[in-house]
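In the two complexes below, chain A is the common chain; its partner is chain B in one and chain C in the other.
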Partner chain A sequence: MPDIDIDAPGKTLLLMGNEAIARGALEAGIGFIASYPGTPSSEILPTLAGVAKRRGIYAEWSVNEMVAMMVATGASLGGVRAMATMKQNGTNVAMDFIATLTQRGLRGGGGLLLVNCDDPGQRNSPNEQDTRPVAKWLDIPLLEPGDFQEAKDMTKWLFDLSEELDTLCMLRCVAKISHTRGNVKLNELPEKEKKARFELDRLGRPVNPHAAVHEKLDKAQEKFELSPFNRYVGPDKADLLIITCGGSWLHSQEAVRLLKLEDKVGILKLGTLWPLPEKLVVQHLGKSQRILFVEETDPFVERSVMELAASLPPDSLRPIFYGKRSGHVPAYGELNPDSVIRAITKIMGLTYESRDADYSKKVEAAVKSDVVVRIGTLCPGCPHRASYWAIKNALKLDGRLGFATADNGCISAGLGPAGFYVAKTAYAMGSGAAVADGLGKLGQFGFDQPVLGGVGDSTFYHAGIPALLNAVWNKSNFTLIVYDNNATAMTGFQPHPGTGMTAMGDPAREVSIEAICRSMGVRVEICDPFDLEKTTETLLDVMKDEREGPRVVVMRRECELIRARREGPPYDVYVDTEKCLGDSCGCDRLCTRILRCPGLVWDEEAGKSKIDEIICSGCGLCADICPQGAIIREPVVTQEREIAEEIPGR
Partner chain B sequence: MDVKVKGSKELFDEVINKGLCTLCGACAGACPYLVPYKGRIVLLDNCTLTEGQCYKYCPRTYTDMDAISQQVFGAPYSEDELGTTKEVLMVRSTDAGIREKAQYGGAVTTLVSLAMAEGIINSAILTRTTDDKTPKGFLARSKTAVLECAGSSYMACPVLESYNHVPEYSNHRLGIVAVPCQVLAVSKMKREPPQNRFDVNNIKLVIGLFCTWALSPDGFHQFLTENLNLPWVTKFDIPPPPANRFDAYTASGRMSFSLEQVRQFTMPTCAYCLDMTSEFADISIGSVEGTEGWNTVIIRTDTGAELMEMARVKAKLEIDKLPDENLAHLKEAALLKKKRALQEIIKKSGDEKNLLYLGLSQSLIDRLMV
Partner chain C sequence: MKELIKDPLNLIIIGVAGQGNVVTSQLVCDALVREGYLVTFGQSYPAQQRGGSVINYIRISKEIQCSPIIPEGRADVIVAMEPVEAMRMLAQFGNPDVITMVNPRPIQAIDITGSKAKYPGLNKVMEDIKDLSAKTWVINATEEAQELGNAIMANVILVGALVGCGLLPLERKSLEPVIEERFPRAFELNMAAFDRGVELAREQE
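And now, the complex of A and B:
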């Protein structure tokens, strides 16, 4: 793919939605971007960071989204166009700041954008959430792209709008736009030259801040009435009018086309979602007696339009509304063309079968022999598997019905079979520590179960530090496990304050987790989770530590995916079929039934376990758990490894 | 009568959760799921096997005493208070060094060392205490290692876990020193040898210890930790009655606790045990009531008799006949344990016909119920 900053107006590139957003920012002359990784938003920042130096812009991974939003605001106040990007959970984190920011305005600063990427269907999120209501709630002009071109164009346009209105503007994208690709026609890039200055005379706060922002919204609404991001395709009088936005627009078009209803069903696609372009909407409401709302997650447009309809003059025609409220469109999860087809056919009394009823059975039969059934799991070689194994055993040995709490990211696997179900909760960034902190204060109520709070390394910096500090201050009795794989692994290995590198690839100070903990006076133990015995022993000892306040165990081992990119497998691992006794062993398939590393499979034919050589990463963990010693690991000595070992500190 | 072999779930339902587990260790070490830890048998993961060695060799799952005796002695279970005996003796080691470190007359250490020296065995499963006086099973391969294991901590120790860890294909000719419940478990293994494990026929010598009860390795160890600087302790001792003391020796002298104080840490399961003298061992060894520094020794099998003969010939032991009065006392105590245990078992099951794990002939039951 050509570089994202190619200066070729008119050229068409196949861009991922997130790249299109990045390109739009470049075309708008962005100077500053800050973000915290979170699927599906994570690619926007690296796309800009990759060209930051030659475009003369600044890009940073911030420690969390609130900080990202704040530092971007700082840049805006300095006169530089700035953007903060995050997923829905991140916007929640930043919201306290945003709520006040909108009422203060930008004071003549550079355009400021919040790009929020939602994850309908929560494929990669702890929750499913529609963040559009934040715009309505906190008075932010909001746009949502319906395709890739719009993802770019809206981003660019919002910078102008932000400066014109002197307020934060918001772009909401969804996974299906962010993470898929489409054609994007480029516009020109501006000059690189940027000069930052904080204008002292522009300081001051509006007399009535809330009133001021409402005035801005009124202005935004006027502009939205005429915006080309809102468009209608269909007959002048339609049997059914679909009002849609975002990725659902694509599904709506597809559904109408498949049903061959182009001359009966009209589609009003809205791109400017808040404030609602009321005149435009009212004008289209007259097109049909039946209105169907198609949008993902919350009935945001649906409710806004229904509110609008309720305020129409008494003698107005009142259409029938269909959507999430009527049950015609699912109230949660990702939509697809079928969801729209179902709604349309139900409303219009049609029948449509996209495929024959047995289709899924036929597919299942066809692929059965070739597709291995796998559980949601951790990667082969993942150090978290070893950590959870040691925790599982330590909790059982301890015998006081202890349990773990997990957090976001890879360690949320602790809730399932890959983490042996040791984790019982996982909510939001930092909650693995703070929820454990709360449980650890229940001694006075007779609570005596050991709690192993959990936090990943990146999350430790993000929200774990205040949680630990709180626990230290209030003397909570629990153990905080920091699962330190030296990576923000779940979202794609973005650097964090412990990795010694910035988003733009510059070396940085490595901020030590244990030094932070020790500075709070906390006992810190550092374990290599692959040393199962020692780790289990340490956990048992730490859980019995009766001194006041929390303890910290850092489970330290590099993310396997990062290690494997750098070097080959450390071990040749294989099952000695002489030693493996199969089902007559008495081990009850510990390796494939309990450990369940995807690299180790049960060979039905041989009645023994075997290594799946394609998948096995050669970590050798399974050799430690086989009671029969039938899994053999032999160190792989390669030239690279020998060289690596000679370099001190590597 | 044989009873269906079940799995770990039933082991927990019928034995462990019922408070019958003796912590002998027979269930542990042969699979990855059952692990002894601080006085408990812990199930690390759910095991789905419906038949397991854990259940099969547990001395507190159903045990047909006649069948076991048939296996070990070629005869049904003896109704004698001391079980099957050839000879009852009183001995002490001729090695003052052993006597110093060992319990009473040092007979166990002396006989294990001798068996090793004579090539009857080449290694032995013994109990060794760690620095903090936690007893742990241990595979001793030399006379020095055997001496390291001299002395008792009186705490239950899952020694048989170490036995289960002996690799299948190893050239060990093993001796085992064990308490009665463990000797019973070993006898169960002898009767139906474990599959895919170390060959039980390579256990060449079983030395059984007298045992009236064992102390909980969790509670009692906690008590010791609170009252003693454990790494300084060189030896524990319960001198023969009527001393009624538990002694701990350090370089600076002796610290005594009343036996009542110590007995609160008795494993509750010991109340259901009929066997005071390790009746299925080759040789059983205990103290001599009223005589410090000597051991009572019961020779039960040919193996035991041959070893004792060697000790006599090589002058490793001073050997004497156990005085009649002592023998009578010993028998009385052994019978009392049987009677009490039977009562406790019936009390626990709530049914005279339900003896929990115990498969005894009706005539012996009748004798003990008097």
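And now, the complex of A and C:
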């Protein structure tokens, strides 16, 4: 793809929704962006950081989303257009600040945007959440793009709106827009020099802050009534009117096309969701006796329109409403064209066959024998696999029914087979530490199980520090494991305060995890999880430490995917088929069945295990667990990889 | 712009996370947009970086920007970097007219090794794929890539095979600039992989 800051108005690029948002911000003359990584929002910041220096903008990964929102606000107060980007969980973190910010306004500062990317279906999230109600709740003008072009155009337009209304504006995007690529036609880039200044005389608080923001919302509503982001396509009188927004708009168009109902079903696509453009909606409600709402995740538009319909004069036409409330559209999860087809055919009494029925029967029969479940797992060579292996063994040897807690990111694999089920909880950023902290205070109730609280390195800086501080202050008895792979790995290897690098690639001071912990007076042990024996011994020792307060074990080894980008595998690994005893060994396939590294497979014909050479990363961990010593690792001279950085992460 | 064999043309490129099928898709899509087509390239992927299935939905049209997800039973072409993944896609998106292209190299799933279950019989899977497709190309992409020096290049071999089989409105000259942009330092090696893919497809015509 050509550079995102190519100055070629009219040119069409294939852009991911998140890249389109970044381009929109560039076209608006953004000066400042702050974010914390979180799928599906993670690509917006790096897209801008990659061109930051030559475009004269500033981009930072902040330590967490609340800080990101606050620093972006600082930039706005200084007169620079600014944006904070995050996933739904991040917006939750930032919400306390946002709630007050909206009632203060921007005091004549630069336009300020919150870009929130939701993850319907929660493929990459600890929860499924619709963040649009935050806009209604906290009085924020809200737009949602229905395609990739709008992702760019809305971002650009929102900066103007934010300055005009002097308030924070919000863009909500869903994963299927954020992470899908589509055609985007570019507009010109501004060549305006940015000069920051904090205007002292503009400060002060509105007399009635809540009333002030409501006036702004009224103005926003007037503009929304005329916005080109709201569109109707269909007949003047329709058998069915679909009201939709976001990615569901594309699904709805597809469904109507496949059913060949273009002359019977109309689609009203809303782009300005809060405040609702009421006049526009009322005008369209008259188009049909039947209205179907299609949106992901919560019935946000559905409820707003039904509320509006309830306030209409008593003699108004009252259509029948279909959607999540009526059960015609799923109440949760991601939608697709078929969800819309099912809703339409049910309402209109039509039949639809997605394919030939005989073919369906044939394929269903074949699938029974030919398809296996394929779940995600930790990568071959992942240090977390080794950490969880050591923890599994240490907890067993300790014998007091101890357990671990996990947190977000790759370490959440501790809840499943890849982490041997050693972790029992995972909720939100920092909860792996703080929930363990709570459990660690139950001694007075007879609680005697060792708890190994878990936090990743990036999460340690994000929300782990206050949790540990609380545990020290209140003398909680648990061990905090910091899984330090020197990256925010799951979201795409973004740097954090411990990596010695900023988002813009500049060197930075490396903030040491152990120095922070030691400054609180905590015992800190540092382990290389690939040294399974020493790690297990250390874990056993810290779990028995009877001194007051928490202990910390830092499991330190670089993320394998980052290492592999730089250099070749450290070992040649193979199975010595003479030594491997297969099922007669008594190990019960410890390597393939229990360790479950994807690089190890069971050779059905030979009845022994074997290395899959295209998957194996050559980490050599499995050589340490084979009781027969049948897995051989031989050091290879590591070379710098020629094409390394061009091998994709996923 | 050349005519499409169908409009919209629905292409699925599936693989196991880590096989590089996103790059395959990206190269194809970038080339198509340069030729002036409207492309929607949607994805389904696991949370983890490795192990699960990565599905790329590619919708190509001269007129409309399609949904990021292909409707059930509506795939026109399925390219699978792994045979079980081809079956997984046929189950949901297959139809009597679907054309498949399969790299027959299996990749085990941890659910198989973990439960002592067996990987489905490869021969049967391949036979069923052929039986459920109007036409099937078998491209030994991993094996060929290993011969070129790195198994990861199976993804670019498949780009070549897709161009070679003539299902997409693309030629070598449409891919050359996008491969160069993507792999500035390994351009020639990747073009060699691409050309090998074209050959492999043509051998099967």
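The rule we apply is simple: the second predicted complex is superposed on the first by the 616 of 650 C-alpha atoms of A that agree within 3 Å, B and C clash if a C-alpha of one lies under 4 Å from a C-alpha of the other, contacts with A are read in each partner's own complex, and residues count from 1 in each chain.
Following the convention adopted for this analysis, contacts are C-beta pairs under 8 Å (C-beta built on N, C-alpha and C of every residue); 3 or more make two chains touch, one makes a residue touch a chain.
Bear in mind the structure is a predicted one, so any value in this text is a computation, not a measurement.
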{"item": "Touching partner for A:D624 - first (chain B), second (chain C), both, neither", "value": "neither"}
{"item": "Per-residue touch tally on chain A - higher for chain B or for chain C", "value": "C"}
{"item": "First, second, both or neither for A:K392, with chain B first and chain C second", "value": "first"}
{"item": "Partner chain(s) touched by A:D545 [first = chain B, second = chain C, both, neither]", "value": "neither"}
{"item": "Chain B versus chain C as contact partner of A:N183, first or second or both or neither", "value": "second"}
{"item": "Partner chain(s) touched by A:P337 [first = chain B, second = chain C, both, neither]", "value": "second"}
{"item": "Chain B versus chain C as contact partner of A:V363, first or second or both or neither", "value": "second"}
{"item": "First, second, both or neither for A:L600, with chain B first and chain C second", "value": "second"}
{"item": "Chain B versus chain C as contact partner of A:S354, first or second or both or neither", "value": "second"}
{"item": "Common interface positions of chain A, toward chain B and toward chain C", "value": "593-594"}
{"item": "Touch list for chain C against partner chain A, complex", "value": "16-18, 20, 22-23, 26, 29-30, 33, 38-54, 64-74, 84-85, 87-88, 90-91, 94-96, 105, 107-121, 124-125, 128, 131-132, 142, 146, 150-152, 181-183, 185-186, 189"}
{"item": "List of chain B residues in touch with chain A within their complex", "value": "30-33, 35, 37-38, 40, 42-45, 47-49, 52-53, 195-196"}
{"item": "Touching residues on chain A, where the partner in the complex is chain B", "value": "392-393, 396-397, 399, 420, 581, 584-588, 590, 593-594, 625, 627"}
{"item": "Complex contacts: residues of chain A adjacent to chain C", "value": "1-2, 12-14, 39, 123-124, 147-149, 176-177, 179-183, 247, 250-251, 253-255, 257-258, 336-338, 341, 354-356, 359-360, 362-364, 366-367, 369-380, 410, 412-413, 417-418, 489-490, 561, 589, 592-594, 596, 598, 600-602, 604, 612, 614-615, 642-643, 646-650"}
